[in-house]
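See the structures that follow.
Consider the two complexes below, in which chain A is the common component and chain B and chain C are the respective partners.
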Partner chain A sequence: MSEPILKATGVTIGFPVTRGIIFQREVARVQAVDGVDLELHAGETLAIVGESGCGKTTLARGLVRLQGIDAGSIEFMGEDITRRTGRGLTDFRRQVTMIFQDPIASLDPRMRIGQSVQEPLDIHSIGTPGERKRKVQEAMERVGLNPEHYNRFPHEFSGGQRQRIGIARAVVLEPRVIVCDEPVSALDVSVQAQIVNLLEDLQRDLGLSYVVIAHDLDVVRRLADRVKVMYLGRVVEEGEGEQVYNGPRHPYSNALLSARPIADPKRARTQERIVLQGDVPSPLNPPSGCRFHPRCPVAQSSCAEVDPPLEHAADGHGWACRFPLRP
Partner chain B sequence: MSTVEQFEDMKTEGMVVARTPRQLAFARLRRDYVALASLIFIVLLVLFALAGPLFEAWTGHPVNRSNSTGVDDYTLLPVGPMHGCVNGLASVGERSCFVLGASNNLGFDMLVQLSFGARTSLIIGIVATVLTMLAALLLGVIAGYVGGWTDTVIARLMDIVAAFPFLLFAIAASVAFGASLWFVILIIAFFSWFYPGRIFRGEVMSLRNREFVTAARMLGASNSRIIFRHLMPQLIGPLTVYASLSVAGAIAAEAALSYLGFGLPLEIPSWGRMISDAVPGGLYINAPFLMVFPGTLLVLTVLAFNLLGDGLRDALDPRGGTIL
Partner chain C sequence: MTGVDWRAATLRLLLVLIALLVIAGLVSLAFAGAGRPPRRAIAAGFGVVGLGIAVGGLVLLGLARGRSGRVTEATGLGALGLSVPFFAVALAV
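After this line comes the complex of A and B, so read on.
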């Protein structure tokens, strides 16, 4: 396989817990992301799924250098960009961009949407003012917005249209990689499908690579070539989309998949739903051994002692469990 | 495109024209009669202040020359027809005319003094406010945006300035440095920047973590771009409101200082000093208008700027209702 376009190795991100008002001192560190490896190849879509608080958004922010990382490295097209600053970081920002979850919050309420979409071109000084305007209108057209709405404000648009504005802003630079943080979870179900289609069309037309962060497994199934399942800051299972969806090996992935709503009530009645006991443990004080063992339906006593590494089968499907489910 | 979005398009294209936040604010302000009346009063006051030289020429009383002919010595009110306009007083052809009487027993003209006093008040109110807002923006935005130690230092500085007793310090400084127009402006600005500064700091702290700022950073925007393009425009609302309130505060502070005799030098007319001039010898008992005229103007001016500030706050409030 070719060289990955974006590669993360052993990424660890923690947040300090401080005490004191004037003289703050660090009393503990929350490990939001703990040693995650990731490879994204050109033109593919990698999905990261998991429940709230598992560190998927933090990982996404770390990948695009919005969040400092404590350990590990991030490479973009073979170059280490972990410690880049200034000009180098700006160049990276031109090629790797992001779509945010809440389309209204991610647009400046006082900027006309044309200005918002044009801003990346201004920042990277691309083209003359006339060319910029043309590029903006092209991008707006590409994402299904009326270019004549250039002079409107974000509050004049519907949720789906706002997300299209966010996407236009991301693609106007013609980037290589777009990190989508929950791109559709703030939208109505009817609009979600349109946005998913749009993302697919853009990928085909512009040769984009996506990292999609999501908790909606059906959206992920549509979009993703490969899937990583995260639990408490770690990857517990990874593989091709169908490998994970049809034959989850980790009990957590299995529980997550069984929690999906099913549209057919007849099938829903017969479907076995695995309800996990308790809440996600605090990442401040993760459980010993396998981090999933206190909630795991198949855990054995030794799971509290041994931390299982992520092991891969010959077909690339990997899981971090000592007692994996049978495929 | 789905039918839903087509409908949305239809709505925005044909029948409904959405208004910008600014248009909405103006619409709300137009409905606020109190704020509107305040605005009209302020405009009239500015015209009154600008008319100073006209009053000088009309009455024949330069602002700093005494001339008590035509005024009743007891009440200091004008005597005779035409409010005591007399010809050929000091030299042949010169005309002297009191409309509102004399402003003190030296025979300064009340109307001229009031007009030039308005000029002083407005200059001090506006210049002190500009300085206040510049300092508040600079320090507030830096503290809110940078955070950490910088924020701690600036925030404590604000607390310290807030804890200073204004009048005591101003009187002491006035004795030490000697009073002048700039001294009064600077001392007022020095004691007012911390309040809007805190507001801006808080605003920026909450805006800094908003997603649109993150999005701008994600796109590669520099700090200065984020501050000037994304943060500052959000501060226009509070800036307008606190500027209006600050003008009122500065005018009141100058009047207080001048009343106490630690404000402006004698050659600059001031409402505060006009009031204090009425005190010695119980002058105001015979001639209450010595206090009533400058006092009323002062109260109305401060009130107008305060009410305008309140009106602007309501008009610019993003939670305010829509007006058709």
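After this line comes the complex of A and C, so read on.
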């Protein structure tokens, strides 16, 4: 297989819990992402799924260096960008852009959308003012927006159109990688389908690679070549999309998949649902051993003692469980 | 877990001190504008700000007793201590 375009090794990101106002002392640390490895190849879509608070968005922000990382490294096209600052970091951000979850919050309400989409070109000093405007209008057209709406404000657009503006802003720099942080979760189902189709078209036309963070497992199934399942800051299962969907080996992935709604009422009635007991443990004080063991339906006493590593089968399917489910 | 980041703490302390001095200066100017002689205006300005800091310190102490996650008793006592130089200036001029 070719060299990965984006590679993360042992990425660990934590947030301090402090006491005091002037002389702040760190009294604990929330380990949002704990030793995550990731490889993204050219033209590929990698999805990261998991429930709220498992560290997906923090990982996404870490990948584009919007969030500092405590340990591990991030390589882009073979170059370590973990400690890059200034010009080097700006150059990296020209190649790796991001689509944010909330299209309302991610657009400045006082900027015309043409200005919003053009801002990355201004920051990277690309082209003359005339060329920038032309590129912006091309990007708007590419994502299905009317270029004549260049001078409109975000409140004049629907949710789906606003997300298209966010996508136009991400593609206007002609990046190699786009990190999509729940790109459709704020949209209704019919608009979700349009945005997913748009992302697929852009990938085909521009040769993009995506890291997609998502809640919606059906969206992930449609978009992703490979899937990583996260729980409490760690990857518990990874593999090709169909491997994870058709034969989940980790009990958490299985529970996650069983919780997905099924549109066919007949099938939904016969579908076995696994309801996990208890709440997600606090990342301030994660359980010993396997982090999933207090909620795991197949946990044994030894699961509280041994932290299972991510082990891979010959086909690349990996899971971090000592008692994996049968495929 | 780590200890105190002294560089950040010093910067924060300096910022708070500068902000309080600016406020004390503005209050003094307001008193002077209201017709007080300069020394009395400075004394009043610093006295009012010192009182404000002391009251703030007592509130922070109360919050610390109420088991606030962020505020410690040291924060409240520190604020009370910070009011002392303002009272000293108010009394000295």
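Note that in this section the second predicted complex is superposed on the first by the 327 of 327 C-alpha atoms of A that agree within 3 Å, B and C clash if a C-alpha of one lies under 4 Å from a C-alpha of the other, contacts with A are read in each partner's own complex, and residues count from 1 in each chain.
The working rule: contacts are C-beta pairs under 8 Å (C-beta built on N, C-alpha and C of every residue); 3 or more make two chains touch, one makes a residue touch a chain.
Treat the numbers as computed from the prediction; the structure is a model and nothing was measured.
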**Request:** Quick one: on chain A, after the overlay, do chain B and chain C clash, or do they fit? Just give me the call.
**Result:** clash
**Prompt:** Now for A:R269: first (chain B), second (chain C), both, or neither, which partner does it touch?
**Reply:** neither
**Request:** Name the contact category of A:R94: first (chain B only), second (chain C only), both, or neither.
**Result:** first
**Request:** For A:R19, decide between first (touching chain B), second (touching chain C), both and neither.
**Result:** second
**Request:** Scan A:R152 for contacts with chain B and chain C and give back first, second, both or neither.
**Result:** first
**Asked** Which holds for A:Q194: it touches chain B only (first), chain C only (second), both, or neither?
**Response** first
**Asked** Where does A:R326 make contact in the superposed view: on chain B (first), on chain C (second), on both, or on neither?
**Response** neither
**Request:** Mind checking 9-17, 153-161 or 315-323? I need the stretch of chain B that runs into chain C in the superposition.
**Result:** 153-161
**Message:** Please report the chain A residues shared by its interface with chain B and its interface with chain C.
**Reply:** 22
**Prompt:** Which positions of chain A touch chain C when the two form their complex?
**Reply:** 16, 18-29
**Touching residues (chain side chain B, partner chain A) in the complex** = 1-2, 4-5, 8-9, 12, 18, 20-21, 152, 210-212, 214-222, 225, 229-230, 233-234
**Asked** What part of chain A is in contact with chain B in the complex they form?
**Response** 22, 64, 66, 89-90, 93-94, 97-98, 100, 102, 105-111, 119-120, 123-124, 144, 146, 149, 152-153, 155-158, 160-161, 166, 169, 173, 190-191, 194
**Prompt:** What residues on chain C touch chain A, complex-wise?
**Reply:** 1-5, 8-9, 12-13, 16, 69-72, 74-75, 78
